[in-house]
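In the two complexes below, chain A is the common chain; its partner is chain B in one and chain C in the other.
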Partner chain A sequence: MERPKIGVFSLTGCGGDQLMILNLEDVLLDLLSYFDIKDFQEISSFKEDSDLDIAFVEGSVSTKQDLRKLKEIRARCKMLIAIGNCAISGGIQAMKNGQMEILERMKRVYGIEEDIYGVLEPKGLSAYVKVDLEIPGCPIEKEETLRAITSILHGDMPDQFDYPVCVECKLKEYPCVLIEKNLPCLGPIIVAGCGARCPGLGLPCIGCRGPIKEEANAAAELEVLLSKGYDEEHIVNLMRIFCANFGEIKKITEIIRRRSGKGRQE
Partner chain B sequence: MMYLKLPREDFDAFFKNLQEYGKIYGPVKAGSSAYNFKEVTTLDEMDLSYNRTIVPPKKFFVGLKEKIFEFDEKRAEFREVIEDDPRKVIFGIHSCDIHALKLLDKIYLEDMADKYYLERRRNAILIGIDCHPDEHCFCKSMGTSYATDGFDLFLHEISDGFFVRVGSMKGHEIVAKNKGLFDPVGSEDIEEFKRSQKKRLDEFKLELNLSGLQDMLELAHNSQIWDEYAEKCLGCGTCNLVCPTCRCYDVIDFVNLDITTGERVRRWDSCMLRRHGLVAGGLNFRPTRVERLRNRFNCKGSLLEGMLNCVGCGRCTVYCPAGIDYVEVLRKIAGD
Partner chain C sequence: MNRERRIEIAEITRVEGHGRVEVIIEGNRIRDVKMAIFEGPRFFEALVEGVRYDIVPDIMRRICGICTASHSLASIRAIEKAFNIIPTKQTELLRDLLIHGEVIESHALHLFMLALPDYLGFPDVIRMARKHPEMVKAALMLKKAGNLVHNIVSGREVHGMNDMIGGFSKVPNEEELLKIRKAMEESKRTAQLAVDLFVRAGTPKFVESENILMALDPGEKFGYIGDYVTISTGDYYPVEEYEKLTNEKSVDYSHARLSTYRGSPFMVGALSRLLLNGKKLSGTARELFKEQKDLLTHRNSLMNNLAQSIEIVHCVERCIEDIDALLSTGLVDEVVEIEPRARRGVGAVEAPRGVLYHDYTFDEDGRVVKANVITPTAQNMANIEKDLRIATQRLINQPDEKIKRVLEQIVRAYDPCISCSVHLMRIKS
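Moving on, here comes the complex of A and B:
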């Protein structure tokens, strides 16, 4: 059988998701031997401009150049897999989306008015192109990624986590940090798959795997955290670290902006 | 029923001797007010005055997440994975959880017995212990505050030891093997046992009126109450996972990197999760949280051969991150 041709690409991000694939050290050679690698920057400078069976893309679309690159990749591949939170929903660089104009952000960070990078408001890949599969995480979990790739090699679409961190937290019998310690845990609205790593260490979930799309009840989470005495702006900022482009959280931001009358659109 | 007395000075020896029946699991403190059943080797690792564990003892019989068989697609073979030593002693199980296991026995053992469950169930020793209700316990209303069977031994604390009820053949065997540790019960002990039971019943504060519950639930099908609670509900599945009577599970296959061998895993599922109602072809028969929430309450309020699917342990209320109070919901449904 001909080996599937793959490419692993980066848009705007830290490169951590590519590194997590490389972190599969024990099985890496076996895994990669299934594929004909045409582009994988973190491994090699070798690149071949050919059609691809699968493209793995990490990073957000944050510049016009990212967008051009993404459209080229989409045109080359049969299956596009977004890896990591940036590629799914824009990542932490999206946290000010809808709150501050992108050029204003550029000015604050780089101190220049000119748009030298061709910046776009950071978004995930699916805002622009069809995405066939999303593997969440910041960074992605290597075991989950391995299982997803193995499933695809086997001819199945991978089983995806469609339930919150709470499920894994309970299955691991961890005491609930929200109930026991009143910590602002986002576990109830965030996609599982991390094995409830943070609650297991007594820490609240900060949402790095992103919300369960079209399902997470962010408004109820807001109410829960308000009842614990947290300030609403603090809660919304917390949710926005990793989930600012998520519809429900955008809505909440808007409600709170109006309620506080602070006009947070700076 | 045989009644015996276990003097306090023999308690430690009794505990140690139970080790011959397998590893001992007892209630261990896991957080400021949370407990879990964990393996213990000494009495003092346990807190026998615990209120409830996060995860109920059903985990000993249906694994939280367990491999049930391994397969090899090329050879078209599979090999069942059964625990090497399923023997275990569950020490300090409460009456409500014993009732819940009796319910699970009906599900898993009658008709087509689940061999994984059966193997573990018949190799487990259950040592019950008396408890004192907190503000979330309503087992008295559910008729599960006292276990008359479903255990091997049941310990009721009295001033100088335990009043012991022997509930099974295995219980009799344990007692026979440890003859020297037990005394016959005297009239004083019987009086003290009776007094303590009466006192315990008076401690219950929470009550739930079960009269007509099934009709009330059915009549409330289109009630606004479900919408109100679905708005609060995070849909996180905690209520199912901590419930001692919930028994839905999910089965998933994982393939190894050789793309030939793999394993089939079953893990606890929850009807509050979106995928629970998803079937082939993409149809979801409970697409909204309103439907899932209503379904859960209807399931809990339904009867299985006369047994309710709730034992009043209070876990779903205590561990709900959204603070949804199970008893309060049912009271509203009944118009109380």
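Moving on, here comes the complex of A and C:
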């Protein structure tokens, strides 16, 4: 059987998702041997401009250059897989989307007005091109990624989680940090697959896998956290760390902005 | 005849992030050397503005996937200093363990998977593994031992969450620490193998020149956490005065903003740490440092690879030492009261690539008013350009391909983390 031709690419991000693939130390060399790697800048100087069966892409589209690169990748691959939250929804750098103009962010951090970067408001890949599969997480989970890759090698599409972190948390019989410790846990609206890692350590879920698609009831979560005594601004900041580009969270930001009467720039 | 010759490496490979090198030569004179960054900016300092202190480390540790625990600890230490929180002895030991584990993971990745293929003549570790399968497997196990520390102490390999302001949410138990200890015992041989490999591979001398070195003073013992910066010029500063040391400015020959100390480029990272603090090493690492003293000169930045390999030996031994110290007193759950204050705090650690500063100012409710982060790669950038210039001058009569290979090898020796550095760098479009 001919080995699938693959490329692993990164746009704007921390490199953590590619790194999670390299962190599959026990199986890494075997795993890579199943593929014909045509482009993997982080670990290889070998590069071939050929068509690809699969492209793995991490990072958000945050510059015009990212967008050009993404379109080139899409044009040369049969299957495009977004790995990690930056590639799915813009990730943490999208946190202030809709709250602070990207050029304002640049001015505050670099003290410059002129757009020398060609910056774009950070977004996920699917805002611009067709994405065939999304593997969530900040960072992605090793086991889930390995399962997905194995399924694809067998010609199947992997199963995706469609229930919240709370389900895994209950299955593991962890004490509920929201009810018992009054911590601002986002577990009810965040997609499972991490094995409720944070509640297992006695910490609240901060949402690094992103919301359950179509089903996250962010308004109800907001009410629960308000009843626990958290202030609105903090709750919104918390929800926005990983989910700022999602409709439900955008709506909530807007409601709270109106309620508090704060005229933040849009 | 002043014909212009242009040498360009369109994308540096086997480094974290996206960068480009461009050299312009006129006749026998180098007109311009640029290490240009085209990684997208993320503006972390703007992201945390107005955010309450308790989620600041969760945001800031995501600056980097590789040195995530370093960012985490620098961030936590800055907040603790602002709020006047003194960590317990147990917390200090667990943090020491965590950062030593991170250095093992990061250095093992860099040395075996990214740098060594240069020395052995392979385009990557995958092809190197076909010829040297046992060595690569051993290297992966060494890397895994470092990651085990991340997993157990911070909660996972990348962007852990268990290390927090005041200490740790869940203190590791004895069984978990013994698991790390066993992995470290089993890694000792591979750690020393790295030193042998880089000594035998020989290190080229095409960048030999004076370098100013900078590192945190780790206190009594060699390590990665400290509150003062020591410099090879003999100067010594509290980390709060870091702006005097990093002194960023734009220069006309490059689009990058460069860090200089008193007008000169300087170097941070493993070589600087060993040469400034090596006398504080103990055990096998101390022996190896003494043995390789002649090779480890401040005049050759490429020796950073060899320095990293000796650091791995140190880190493996230190993890065992920290675990023994933790087990001898027994582990306890600790609760620390946190009271926000309207103050500024600067926290620094030695990340695998060098000194890393986080600086926050809070309002009275503990919300960030102002944030600033200076990464080691940003500090090294001016020195990298200096070395690229020197090497090009020495190799000026060589063909472009040869020069390109050398320039890429120089950049790689600094183990740059471009994703981290980018919030300080101007890109060249």
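General observations
Please note the rule applied: the second predicted complex is superposed on the first by the 265 of 266 C-alpha atoms of A that agree within 3 Å, B and C clash if a C-alpha of one lies under 4 Å from a C-alpha of the other, contacts with A are read in each partner's own complex, and residues count from 1 in each chain.
The rule we apply is simple: a residue touches a chain if its C-beta (ideal position, glycine included) is under 8 Å from a C-beta of that chain, and two chains touch if they have at least 3 such contacts.
Here the structure is a predicted model, which means the values were calculated and not measured.
The superposition on chain A brings chain B alongside chain C with room for both.
In the superposition on chain A, contact is made by A:Glu221 with chain B only, not with chain C.
A count of residues in chain A touched by chain B and by chain C gives the higher number to C.
By the touch criterion defined above, A:Leu178 lies against chain B but remains apart from chain C after alignment on the C-alpha atoms of chain A. After overlaying the two complexes on the shared chain, residue contacts for A:Gly195 are found with neither chain B nor chain C. With both structures placed on the common chain, the touch criterion links A:Met20 to chain C but leaves chain B unconnected.
When the two complexes are overlaid on their common chain A, residue A:His234 makes contact with chain C while staying clear of chain B. Once you line the two complexes up on chain A, you'll see the smallest CA to CA distance from chain B to chain C is 14 Å.
With the contact threshold set out at the top, not one residue of chain A is in contact with chain B in one structure and with chain C in the other. Across the complex, chain C meets chain A through its residues 11, 13-18, 38-47, 49-52, 55, 58-59, 62-66, 68, 109, 113-114, 117, 123-127, 129, 133, 136-137, 140-141, 143-144, 147, 155-159, 161-162, 164, 169-170, 255, 408, 417, 419-420, 423, 426-427, 429. Residues of chain A touching chain B in their complex: 27, 30-31, 146-147, 150-151, 153-154, 156, 159, 162-164, 166-167, 170-171, 173-176, 178-181, 185, 187-189, 212, 215-217, 219-221, 223-224, 227.
On the side of chain A, the complex with chain C involves touching residues 10-20, 22-23, 25-26, 28-29, 32-33, 37, 40-47, 59-60, 62-63, 65-66, 91-93, 95-96, 100, 102, 104-106, 108-110, 112, 116-119, 122, 138-139, 142, 197-198, 201-203, 206, 208, 233-234, 237-238, 241. On chain B, the positions that touch chain A within their shared complex are 30-34, 36, 54-55, 64-65, 231-238, 241-242, 252, 254-257, 259, 267-268, 270, 273-275, 289, 318-319, 321-323.
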